[in-house]
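First chain A sits with chain B, and in the next complex the same chain sits with chain C.
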Partner chain A sequence: MKYVDEFRDGAVARGLAAAIAAELQPDRRYSFMEFCGGHTHAIARYGVAELLPPQVRMIHGPGCPVCVLPIGRIDQAIQMALDQGAIVATYGDTMRVPASQSLSLMKAKARGADIRMVYSAADALKLARQNPQREVVFFAIGFETTTPPTALALRQAAREDLPNFSVLCCHVLTPSAITHILESAEVRQYGTVPIDGFVGPAHVSIIIGSGPYEHFAEEYRKPVVIAGFEPLDVMQAVLMLVRQVNQGRAVVENEFTRAVTREGNLAAQAAVAEVFELRERFEWRGLGEVPYSALKIRPAYARFDAELRFGLGYTPVPDHKKCECGAILRGVKRPTDCTLFGTVCTPENPMGSCMVSSEGACAAHYSYGRFRDIPVVSVPA
Partner chain B sequence: MCLALPARVLALLSADEAVVELGGVKKTVSMALTPEATVGDYVIVHVGHAIGLLDALEAERTLALFAEMAAAGDAAAAAAQAQAAAPGGGA
Partner chain C sequence: MSVKPNYIRPIDFKHGRVDMNHGAGGRAGAQLIEELFARAFDNPALRQGDDGAALDMPAGHRLVMATDGHVISPLEFPGGDIGCLSVHGTLNDVAMMGAQPLYLAASFILEEGFALAELKRIVESMAAAARDAGVPIVTGDTKVVERGKGDGVFIATTGVGALPAGRRIGGAQARAGDVVLLSGSIGEHGVAVLSQRESLEFETAIVSDTAALHGLVAQLLAAVPEGAVHTLRDPTRGGLATTLNEIARQCGAGMLLHEADIPVQPQVEAACELLGLDPLYIANEGKLVAIVAPEHAAAALAALQAHPLGRAATRIGVVQEDPHGFVQMCTRFGGRRVVDWLSGEPLPRIC
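Now for the complex of A and B:
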């Protein structure tokens, strides 16, 4: 596929690995956090972790929207379907995320809840048009990439004056989550999570541009390199980060110039600004309540806001006691540090959210990396 | 979740919709977020919407940069190997 395969060339990847190795200062270690699950997936799937010199460690960040969705929000969606009899439309990724009472959207569906997987917010609108006698709720999750399509759907619903459509808005924001990590005790006070720089989001940055990262590169003195989701993109970004660290610089650089500009997609930003406003606080799985880290629907569109329309309250629900998703999302622990990993918690039967989406740190390691954990033992003949 | 792929615009259907092609698969997507895209352009498609354009020139530049970096890396690796293999080298 054009603009995909060229960015997966193995020989070039090995050359880039050698270039990174040649530039490393022998006496130091380099820890970079890849914020996006898309990068986590690419690193695990294409063996980027093996290609990188041992001095370079990649820490998986909280940039998988499915992984950071707290149980309480999924409970709300299930409640809409089971108690209010609404049709709940959602992206496939959210279907298997564990919720309260051993439920998930998928299991609620098996109990008779009308839950439909949709490919796009526009498909949720279609469902509302086709089922005028039913309430249709779009369970909207995702970062800045998925938000503009939801904004368009809300605008369209208002234009058509659709009486039976609403959105349960769980859209979250990338820059505030990165700031939150940099402010966290593990990074700031204890230094247990050393972060020398960030691989910045690919598709999120298409929408918001590279500009929003400038303030924290400056304020926290951490380099950021926006990178595409293909393996060569990630390796080039690591090389650029190593150079910044070596030179003592901390600026925003853009590796993904083929799709990202400093300003981003202005049409998308305008649609989002018209429909959404900042939420004062929002709970993230693993990060707790993060101030101004999410969006809510503006008063002008209140009639399409499922939380207001159905008087939904939010109840935070703690994760399973043994589940380490919270620590893994903050970069404090690795998937293999969790006793549930690969035993009771697998992609087929996930206990925690990091195992649900293929972009989650646990699912990525389970699918592509778990055999690395087993030492190779040669038996003499 | 953040899966988005570059697809080529085959035909504009209306102000807001287009048929795009990706590895032989054709799909109708919303163009509301990329009103400037025209036939032949590559757009990045995510959840049924084109969310941005792909700049072919910049893509070429990035690939050229990779090739340059990789060649420099290979040369450095070869030099290090030669040094290690040379008598008295590699110290």
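Now for the complex of A and C:
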């Protein structure tokens, strides 16, 4: 595949791995957090961890939008579909996220809720036009990547004056989550979770640009390298981070120059700013309440706000008490440190957020890497 | 007074729709069977019109039986439809036992309101598939459910075949050291169907690989000594990954695959990339996995490649000792990872 295979070349990967190993200072360890679930997935799927020297540890951050969606929000979506008869449209991987009372959107569907999987906010809008007699709610989740399409759908709904369309807005913001992690006790008290730098999100940065990360680099002295989701992108970013650490620098560098600029996509940012405003507080699954970390619909578009339209209240619901997702998302623990991992909590029956989406740290390790936890007798191929 | 030559008005296949009368056990149902199913599937056993079919079996063989329900949306897709799929799917299940498929039975669940023209197309496609495979549909059944209680048409088929008495082919027969062969590129059926889904609709030149594989199996088995082929399996739902995990569990061993040796057409790879899906988990309907004793692997691979349905066959890995039954893969990138069971439906990722 042109423009993809070039970023999955094994020979180049080996060369990069050798370059990283050659630049490491022998007496120190390097811990980098890849914020984005897309990176976590790429690292696991292509076996990147195996190619990196043992001195380099990748910490899987909270950048999977499905993983950080709290139970209470899914409960709201289920409530609208099951109790209030709305058609709830949402992205595919939201369907399996566990909710209260052993439900999920998929299980609610089996109980008669009208839940539709869509591939875009525009498809949800189409559903509303096709079903004028029904309320259609778009359950909008995701980081800055999926926010502009939701904004455009809302603008279009307003233009058409669609009476039966609304959005349950659960869009969250990357920079606030990074700040939250950097402000957490484990990271601030040096030694508990050493984070030497961040692999910055690719798609998110196409929208917001590289500018917003400059604050972290300067304020917290943490280097950030924005990287694409291909495995070679990740390895190149690691090499760039290692160099910054060795040189005592902490700046924002852009590995993903093929798509990211400092300013980002201004048209998308304007659409988002027109339709959404900051929420004072929003609960993230595994991280708890994070101030100014999410968006809500502006008063001018209030008639399309499902929370107002359906009179939804928000009730936080705690995770399973033995679930370690919060600590795993902050890099304090690894998936295998959780007693539920691989026994009670599996991709078929996820208990916590990190096991839900294939981009979650636990699911990635379970699905792609768990053979490393158990010695296996190998016969050479 | 003149006598009318035929008091029964022929079914209007152009404009007609399935109605509850077609399933009521009366004249309308009999007429549908006679004018559609019996005519399309015509063979001596079916022509008897009895409740079942009395059939001959070759001497010295054991009977193999397989059954499969077909529910698919959309009913027609690039390269096929539910009709030919319901023939190929069940024939292949029989063939994967190392048996020669001999007869098929078919059961139709029709939804009230379903267009007879579409039903006719599906039935004729099914008849053509059975004819091409040389396996007659010898008995069947038709039921009608109320509108909204079906999805147009569901087809369940049962196949029987003849297995030479001493032949043992199955998942449990695979053992460490065996070679894993794949008959061609993966993911075409699943991508062809996905491309037609109402909510997705993308343009692709990919057509389903749906095909009857018993000819390919016969050629493979003829090329190697009896007992050399340990396992045959067609990687349908759940794709290659799920199939190999099933076999690993059955035989109590693991596998080590090489990603670079697993053929995937560029269009399939591109569609999967776009949707955030993995070709290893996408359904196939015309491919097989053969697990063969290492000393006969080269001959087996050559036999597969000599058949039109196996031209792109490759050796994709080996069976290895592993009490945990992990299917592992050396990635093209140079790392190693588990190729796990599919968890639920393959769902596209959001970004």
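Just so it is clear, the second predicted complex is superposed on the first by the 373 of 381 C-alpha atoms of A that agree within 3 Å, B and C clash if a C-alpha of one lies under 4 Å from a C-alpha of the other, contacts with A are read in each partner's own complex, and residues count from 1 in each chain.
Criterion: a residue touches a chain if its C-beta (ideal position, glycine included) is under 8 Å from a C-beta of that chain, and two chains touch if they have at least 3 such contacts.
All values derive from a computational prediction rather than experimental measurement.
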Which superposed partner A:V137 touches (first chain B, second chain C, both, neither): neither
Partner chain(s) touched by A:R258 [first = chain B, second = chain C, both, neither]: first
Partner chain(s) touched by A:P347 [first = chain B, second = chain C, both, neither]: second
Touched partner set for A:F371, first chain B, second chain C, both or neither: second
Touching partner for A:E359 - first (chain B), second (chain C), both, neither: both
A:L51 touches, of chain B and chain C: first, second, both or neither? second
Partner chain in contact with A:P149 - chain B first, chain C second, else both or neither: first
First (chain B), second (chain C), both or neither touched by A:V245: neither
Chain A residues contacted in one complex by chain B, in the other by chain C: 1, 4, 9, 13-14, 38, 65-66, 91, 93, 119, 123, 141-143, 145-146, 203, 357, 359
Residue ranges of chain B in contact with chain A within the complex: 1-6, 8, 22-23, 30, 32-35, 42, 44, 46-49, 51-56, 58-59, 61-63, 65-67, 69-74, 76-77, 80
Chain A residues touching chain C - in the complex, by the definition given at the top: 1, 4, 8-10, 13-14, 38, 41, 44-51, 65-66, 91-96, 106, 116-119, 123, 141-143, 145-146, 203, 231, 346-348, 357-359, 366-371, 374, 376-379, 381
Interface residues, chain A side, partner chain B - complex: 1-4, 6-7, 9, 11-22, 36-38, 64-66, 91, 93, 119-123, 141-143, 145-146, 148-149, 152, 202-204, 206-207, 229, 232-233, 236, 239, 255, 257-260, 265, 267-268, 271, 357, 359
Of chain C, residues touching chain A in the complex: 176-177, 199-200, 254, 256, 258, 266, 269-270, 273, 317-318, 320-322, 324, 326, 328, 330-338, 340, 343-344, 347-351
